[in-house]
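The following pair of complexes shares a single chain, chain A, combined with chain B in the former and chain C in the latter.
What follows is the complex of A and B.
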């Protein structure tokens, strides 16, 4: 596959692995967090750990939109799906995530709710057009990557005069989450986070650009390398981070120059700014309340805001007491350290956020890396 | 009155046991499935079987869309059951066919499905000797559901079975993986993407007959249908209490299938096949078996993809083309495309 196979070349990987082994100082330990679930997935799927020296450790961050949505918001979506006349539309992997009562949208569907899997928000708009007698609610989630298409869907519904389309908005923001990992009060409770650098998100950065990470590099003195999701991208980013650490630099570098610019996609950013505004605070599963970390639909578009059109109760659900997701997301524990991992908590019956989506750290470790426990 | 195959649709009367039903069965099923046993018009087919081991199986087909690139629900219902028999090493002989029709199904579609079943049965050398038809109200079906059962005889000295995989055995596949799943997905509602992939749905009894003729002691035969190769190998590993090690570079997957899976965030090892088989045999027989498979038109792209290992955890692992190692796990729930 053109533009794919080039980034999965085994020989090039060996060369990069040798360079990493050569440049990683034996007396140093390197702890790098990949924020994005896409990177976590690549690391496990291609067995990248096998190519790294033992003193280079990857920490799997919270960048999986499915994992970080609190159960209360899923309960909100299930509540909406059960309203008479409602068709609730969402992305496929959102449908099986359990809410507080262990119910998921798929289970609600089995019990009679009209839940549809869609591939883009415009499919939800098309559903609203096709069913003028029904209320179509799009359960919108995701980081900066999926926000512009939601904004476009709202504009499209407005342009076409649809009065039966609305969005249950759960879009979250990457930079706020990274800040939270570095400075949340709970970090002090849990201990020091051993983080020597970040692999910056791929798709998110195509929208927001590399500039928003300058703050972290300067304020927290941590290097950031923005990288694509292909395995060679990840290895190259690790090498670049090791070089920065060795040289005492803390800069934002862009490995993913084929898609990411400094400014990002101005058109998309403008569209988002015109459609959404910051929420003062939003709860993240595993991280708790994070200030200014999510978006709400602006008042001028309130007719398309499901939370303005319907009464959505605020569901409060606590995570399982033994669940270590909070510590795992901050790099303090690994999935295998959790007492629930692979016993009470599995991809079939996820308890914590990291096991919920295929791209969560625990799910990736369970699906692709269980054999490592033996070695 | 003659059935209007061009404009007519299935009505409740077609399942009512009266003249309308008789007309439907006569026109659509008896005409297409014509054979002496069916022509007896009894409620059962009576036949003699040669002495020896007999294999029997049943499966139900509920696929959407009913027609897809490279096949339809009818041919699938024949191929699937023929293959389930063939995976025991059996020579498939007779099939039954039960239809649950939804009121409103175009009669033309039903006729096309029946023609397709008849062609698939002829090609596989089996007879559809008994059947059943029911009609459900509109909204209570999905056009048509088909159940087929099959019966066949197993040659002496042939006994493939999941628990017979042994450490040191070789694992082979009969061709490229994921073709059927991608072909069907490409025609699903909301997911129409352009791809030149046809379903691989085909009967494998001819290939199996050639394989067991040359290598009778094949330890395991299995067709990796739902859940793909990953589910099939995990099933066998558990049955035999062994592990498996695969080599990603050796697993045949078409470029277009890899690209479609990449696009959708799916793993081709989890994608369904309907015309491929997995064979496990003693390591020293593997090259011989591979040669037989490659010599058959339905096994031209066969490959040795890995080996059976000793592993109390029954893990199936994969050496990636990238140089690392990962698990090949069962699919969790239904395979759903990821968000971003």
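What follows is the complex of A and C.
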């Protein structure tokens, strides 16, 4: 497959790995966080950690939208699904995530709620068109990649005069999350997780561009390399980060130039700016309340805002006591450190969100790393 | 859910819709988010929408860089 296979070439991977081994100074330790679940998935799937010297450690960040959504918002979606006449449309990953009381959208569906799995927000609009006597609520989650499609779905519903379509908006912003990680007292004061650099998001950056990361490089003096999701992209990004650390530089570099520009996708960014506004703060699983880190639907589009059309109680739900998702999302623990991992919590019966989505650190580790660790 | 794939535009349709192909699989997607999409373009598809266009020249440059690294690695 063009633009995929050539970035998975084993011989080139060996070449990059030996370049990394040569350039990583033996007396230095390098801790790099990959923000995106897509990178986490690639690192586990292709065994990238095994190609790195022992002093280069990858820390898995909070860049999986399913993983960072707090249980209270899932309870909100379940509440909406149970309202009379409502069809709740959701991306597949969200259906199995347990909310409070271990209930999930899938369980709610089994108990009679009309929950539909969709692949695209336009499918939700099509549902509203096909069921004019029902209220279709789209459970919108995701980073900057899924936000422009949600904005287009709202425009489409408006254009087609649909009065039975609304969006339960849970869109979150990448740069705010990165700030939060860098400013967390546990990271800054205790120094529990030293971070020497970031691998910046691939697809998020196609939308927002590389420019928003300049702030981190300057303010926090950390290098950022934006990378594609294929294994060679990740290896090349690690090499670029090692070089920056060795040379004492902290710049934003772009490995994914085939799809990411400095300014990003202006058309998508304009559409998002015209449809959404910043929420003052939003709760993230593992990071707590993060200021200006999520989007709400602008007042002029309120007729499409599920939270303006329905009463959605604010559910305050605590995570399972033994679940380490919060610490894993901040890079403080690895999946294997969690007492529930691969025992009570598995991809078939997830307890925490990191096990639900394929891109979650626990699911990736379970699928690709678990047996290797035992052998 | 963030997995997105590069696919080739094989047909343009009305209302900012297009048909893309990936490894023999065809699917109708929206190209409303990108400027001037054309048949033959490679686009990154996510949740049924093209998010960006792939730049063939930049893709070739990245591959050349990998090859350079490999050669340097072999020489070391």
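Just a few scattered comments:
By our rule, the second predicted complex is superposed on the first by the 365 of 375 C-alpha atoms of A that agree within 3 Å, B and C clash if a C-alpha of one lies under 4 Å from a C-alpha of the other, contacts with A are read in each partner's own complex, and residues count from 1 in each chain.
Keep this in mind: a residue touches a chain if its C-beta (ideal position, glycine included) is under 8 Å from a C-beta of that chain, and two chains touch if they have at least 3 such contacts.
These numbers were taken from a predicted model, which means no experiment stands behind them.
In the superposed pair of complexes, A:38 makes contact with chain B and with chain C alike. After overlaying the two complexes on the shared chain, residue contacts for A:203 are found with chain B and with chain C alike.
When the two structures are aligned on the shared chain, A:359 is found in touch with chain B and with chain C. Shared-chain residue A:6: touches chain C; no touch with chain B. In the superposition on chain A, A:29 makes contact with neither chain B nor chain C. Of the two partner chains placed around the shared chain by superposition, chain C is the only one that A:18 touches, whereas chain B remains out of contact.
Once chain A of one complex is fitted onto chain A of the other, the partner contacts of A:122 are limited to chain C, with no touch recorded for chain B. In the superposition on chain A, A:262 contacts neither chain B nor chain C. When the two complexes are overlaid on their common chain A, residue A:221 makes contact with neither chain B nor chain C. In the superposition on the C-alpha atoms of chain A, the part of chain A touched by chain B in one complex and by chain C in the other spans residues 1, 4, 14, 17, 38, 65-66, 91-93, 119, 123, 142-143, 145-146, 203, 357-359.
Residues of chain A touching chain C in their complex: 1-4, 6-7, 9, 11-12, 14-19, 22, 36-38, 41, 63-66, 91-93, 119-123, 142-143, 145-146, 148-149, 152, 203-204, 206-207, 229, 232-233, 236, 239, 255, 257-260, 265, 267-268, 271, 357-359. The touching residues of chain A, counted against chain B in their complex, run 1, 4, 8, 10, 13-14, 17, 38, 44-51, 65-66, 91-96, 106, 117-119, 123, 141-143, 145-146, 203, 231, 347-348, 357-359, 363, 366-371, 374. Residues 190-191, 255, 258-259, 262, 313, 315, 317, 320-327, 329, 332-334, 336-340 of chain B are the ones that touch chain A when the two sit in their complex. Interface of chain C with chain A (complex): residues 1-6, 8, 22-23, 30, 32-35, 42, 44, 46-49, 51-56, 58-59, 61-63, 65-67, 69-74, 76.
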